[in-house]
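This is the structure I want to talk about, given as structure tokens.
To keep things simple, chains are lettered A, B, C and D as they appear, and every chain counts its residues starting from 1.
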Amino acid sequence: MKKHYDVAIIGGGIIGMSIAYHVAKAGKQTLLLEANEIGKQTTSAAAGMLGAHAEGEGHEDIFFQVGRASQALYEKLKVDLQHESGIDIRKSVGGIMKVAFTEEEKRALCRMQHLSTFQWLEASCVKKRMPQIANDIMGAGLIEEDVHVEPYAVCRALWQAAVRYGADVKEFTPVIEVIRDKEAITVRTANGTFTCDDLTIASGVWSGRFFEELGLSYSLYPVKGECVSVWNSGPALAHTIYHDHCYIVQRDSGKLVIGATMKQNDWQAVPTLGGIEAVIQKASQLMPSIKEMQIDQCWAGLRPATSDRHPYIGRHPEDERILFATGHYRNGILLAPITGEIIRDLILGKPVQEEWLHAFRIGRKEALFI
Amino acid sequence: MKKHYDVAIIGGGIIGMSIAYHVAKAGKQTLLLEANEIGKQTTSAAAGMLGAHAEGEGHEDIFFQVGRASQALYEKLKVDLQHESGIDIRKSVGGIMKVAFTEEEKRALCRMQHLSTFQWLEASCVKKRMPQIANDIMGAGLIEEDVHVEPYAVCRALWQAAVRYGADVKEFTPVIEVIRDKEAITVRTANGTFTCDDLTIASGVWSGRFFEELGLSYSLYPVKGECVSVWNSGPALAHTIYHDHCYIVQRDSGKLVIGATMKQNDWQAVPTLGGIEAVIQKASQLMPSIKEMQIDQCWAGLRPATSDRHPYIGRHPEDERILFATGHYRNGILLAPITGEIIRDLILGKPVQEEWLHAFRIGRKEALFI
Amino acid sequence: MKKHYDVAIIGGGIIGMSIAYHVAKAGKQTLLLEANEIGKQTTSAAAGMLGAHAEGEGHEDIFFQVGRASQALYEKLKVDLQHESGIDIRKSVGGIMKVAFTEEEKRALCRMQHLSTFQWLEASCVKKRMPQIANDIMGAGLIEEDVHVEPYAVCRALWQAAVRYGADVKEFTPVIEVIRDKEAITVRTANGTFTCDDLTIASGVWSGRFFEELGLSYSLYPVKGECVSVWNSGPALAHTIYHDHCYIVQRDSGKLVIGATMKQNDWQAVPTLGGIEAVIQKASQLMPSIKEMQIDQCWAGLRPATSDRHPYIGRHPEDERILFATGHYRNGILLAPITGEIIRDLILGKPVQEEWLHAFRIGRKEALFI
Amino acid sequence: MKKHYDVAIIGGGIIGMSIAYHVAKAGKQTLLLEANEIGKQTTSAAAGMLGAHAEGEGHEDIFFQVGRASQALYEKLKVDLQHESGIDIRKSVGGIMKVAFTEEEKRALCRMQHLSTFQWLEASCVKKRMPQIANDIMGAGLIEEDVHVEPYAVCRALWQAAVRYGADVKEFTPVIEVIRDKEAITVRTANGTFTCDDLTIASGVWSGRFFEELGLSYSLYPVKGECVSVWNSGPALAHTIYHDHCYIVQRDSGKLVIGATMKQNDWQAVPTLGGIEAVIQKASQLMPSIKEMQIDQCWAGLRPATSDRHPYIGRHPEDERILFATGHYRNGILLAPITGEIIRDLILGKPVQEEWLHAFRIGRKEALFI
């Protein structure tokens, strides 16, 4: 009566859908449950930068390794998804230009100088490549491999492909209760009751609910980001412009995506007048001519944050049938492919890098928000 | 540390918000929790007919009594809300014209003929009042008191007014868990934990979750309705046209709202191509010239249905601190005022009509969906 | 073959539509030609303030007289249009609060003090009526009669009513050529050729074309205004807030409309990033809490300006079969009723105030833009 | 004072913009004037099929030759525009499947069988490639070279690239008057007066105005098309489905575009309820599962038609400084590249195929609409 699945996933953003795709492709009977519409919340709000360098800080740390590994996976994923779904994920070229306005910012950037993927450019050189950029920059670090994709397109492509591999995807299906018996895990929803062998929680910042049941309160909190897009009436940007958590991304539709504010603990996933003003001011500082461009739309999303800025990827410490894949903060788009592979490998019993699992383990104290 | 409220309400549609408004106005410290945005789901999808006669069947039954009582409350509510919120709920005049195409349909309608509010009109007379109507009608029953309002405007006005009376309204705040201790009820959300003396469940079709905890499965199911609106390029409709669950409603903006399909157990709250086709066909049958009008938009909503078509309004059978107000099916807009008053009176310990409470009691077998 | 009309009007904004309404209601065979969609350009972009005082400067001048006369006409128009079209034009109450931040601004405002419609309020008194207002105001002039309407609703209602009185309204019908023969005026469009006895030009800033044919170049230029709306999450504004061409208007839907920039000679009728930033900054200065509110949408419109800020209303100096009604600058919504009546009376041969015709006459030198 | 250009173009749809692009790239000082927004009318309404075979009838005629030549140009154009503008025109693969339901339809299609680009497939074979297709088809003709592009993306890319080559593009600039003196052509607009050596009229169905000045009335009329798009919840369509002027086109965003009605002489460029109903019925006949898909949006556009279904491309018969490029009917997207090249070559004095110029010459009697 109750349908049984090998794997059930709660959450239909890019993380949950990447897991559904990878697991279904590996031959598992897969179910994905989404409370609202697939990919319409944090995923759709993201700019889609694959910022392995841009977001990392240590550049020798685990995060950088994992980010680079996931970035590399996008190359094949793009081709596979085009074939499997007919959807183009719009992977760009050109990478990111991390701007410095001061000596201090330059020094901070140049800590990446030992990396072969990083190249410091003086202001005149930056201006030559991007005449639109502000005159008062000191220079910029160019990272050509930190390209971008269109997040909703990736999520939709993963969805179509997962369905093709047999996955059942249920939108508008909030989970009422998860019951863990010896034989199976039962997931009760308004729209039916299901059982599964493995259950993965991938509900972004709304995953907190499942941590609570573990006695792991304060594991996640939202950092709201507000964005605006414009129609680029000048030449296309050769590179994403980035400074101090603000970015201007060129879409291949001709639009520029500008983001984003950083509002801790704000659950109100809509753009405010003040937030949009702040984004415009910042963008105008980076690229003055942007003020003349036609506004397209405004939106907001909630990044799922942990205190150490690392995601949770791994098994429940007390019940290994439960897995978590959340807390990706500003890096959900970047890390979606590797997260899908890690969860798949855990479920299949294949080896996964121990140090990654350690860094992203559930229940680590440094991640808690107090 | 945890903030305490006299009353907490889960669900920010028109029902939950009417309760918040009435309870806060009565001086209670009130909290309303909404998982997404206030009034953006079933409430926004409704046409807003106050169809006490249109929807009733027996016309001597409890439902008709309650519907008429709630309809009457709208008169004062309109004035109060304009004053308290600055929002006009757009209460129309003209009422509803229930069309008959056959003798059988005429007979069915004329069962209302003993009511002073009902008036049978022959086809020629209907055509005189509404030249747009189809030529092949046999006649229609006019019910002038079954007017309409704009549901989102009502909900927004209740919201602004409730806040003015001190209510706390939290959007984007899904409930994780409800814990019932002796001293208090604790409501855990990602966005904070709260305690309250009384808790009301008013989450429409998504209330099922809380019935489940009572062992009351199958209490509610969705009946999806798909709608379309057009710009009326002809004279305004003097009355709502209604036939066989389909209606054409004139807004005072100049738009016509047309609805709605009836899809049982469909949780997908978006309009499909086939659903919109069906709505267009039905509307064209009632009013042929509508085919020439400019389409405005399409949408869908989920009516929360019970098997006996009556709502659940009342106390939890085993824990009287918990109240329910859901299952309003096609009548949520109509019944919002009376539902707010009943729940308020129950909480305040004031008398409520016993037979109403009996008809709408939680756990009645005839409501279950099997 | 060519259809003949008593009166043809070119331009389907609120001015042209008011003329069509008044002329058709007076029994004339009327044709209105609109190149795009009715009421979707400058009319839709306007906030709809009936600012007879707010916009006037001399307050003893012709403009003030005409503005007050037109404002008064709205009372009856609202009732008539509700009846004739079923559309509510959403006429507000409360009027306008003209804020002063400095002694100088106060002095400028208090030049209106001799008017019975003007009332100076000290800051504390303003704050009592509008707690949302900025703390650093010095006071404000309250003009209760300068209320507002919803411009598109007015235009749509005039349209529906004009059609009811027999007018032919053709959207998507740009005029190719106007030929003036002795017997008749011929208007050639892609969508048919028509003749008429009287032709009125009411195409807003795009009317320039017809002035050119008169050798009257530089008669009109655009002043672009950019606007943004938000959802008011606080109490409704009791009065429109106004300062230095910026306003915050409360709609009875619960939205606030904020405007507007003043960009001379900018024909690009879309909102820019920089324009929206300027509007947000100004609004935040007047009402700091507005920064927390959810953004709804952004738009822009082109005000048709003359150098003396007065409209052109009257006959062609050399061919009295041609009439003009344009150049209403910031006052098109306010002046639509009186403009409709003046043009109607000119066509019917009824008397019109001589000094008004003189002030608004075609070809006056002080209106030219050089 | 008046700025002079080598070439001015009136009309900023895909045809005018292709001309601007080609002419500016050839080194000419170029001006493009658009009355509203670039590419937002007929261009945006088109599905973008490059249907050289699909639309041709004779398949040996001039139209087929020109269509095939233009189709071939898209290959290089795609690469050039990506480089010049950063915009991807979204050229698809897969081509078109022309469905036959009857023997007669099969025979009609198989008249193309001598073409190496055409391949007849029996029903079973079609179903294997496209399981979504209706069961009652008899078979289909596959034309792999009739792929599609995204029309607005092409137009936007041409725009950005033209600007890069020095073209001036002015939106919101309707032309008031064209004056032809011996020395130069003067174009008067509200937004400035310009002179040019060559003037090209490329205003789609609104070009009629300029034919009128030539005494060439009835040269063009609109054929309105209404469309709807849905989100494809099944596998991507491998090929466009086409039957009887109706098509279902797969976008690489995951959407399906469905069109289109054929309403002669309807200038009302908005979708009606009846038009959308007709499109849904037709699409459901071709692909039954489409009825279950989520509706995305509805729109309409006006195809500029001539009686012989061929465009006007060439010089004014009496004044060779005036050129025309309009009347592309259902084939504007297909023919944009070749039209741009022909006009460029005429202006540069380079040779153009004589028979093409003959077929598309201005003033030919067979094109007139009577």
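Note that a contact is a pair of C-beta atoms (placed from the backbone, for glycine too) under 8 Å apart; a residue touches a chain by one contact, two chains touch by 3 or more.
The structure presented is a predicted model; accordingly, all values stated were derived computationally and were not measured.
Both chain A and chain B are touched by C, D.
For A-D, the equivalent interface within B-C, B-D or A-B is the one where over half of the contact pairs agree by residue number, namely B-C. Chain centres here are Cα averages; for chain C and chain D they lie 39 Å apart. Distance between chain centres (mean CA atoms), chain A to chain C: 48 Å. For chain D, residues touching at least two other chains, in rising order: 268, 270. Chain contacts in this assembly form a complete graph, since each chain touches every other chain. Interface residues of chain C facing chain D in the complex, by the touch rule stated above, are 35-37, 170-174, 176-177, 188, 190-191, 205-206, 208-209, 212-213, 220, 267-270, 302. If you check the complex, the residues on chain D that touch chain B are 228, 230, 268, 270-274, 276-277, 280-281, 283-284, 290-295, 298. Put simply, chain A touches chain D in their complex at residues 82, 85-88, 90, 153, 156-157, 160, 163-164, 232-238, 250, 252-254.
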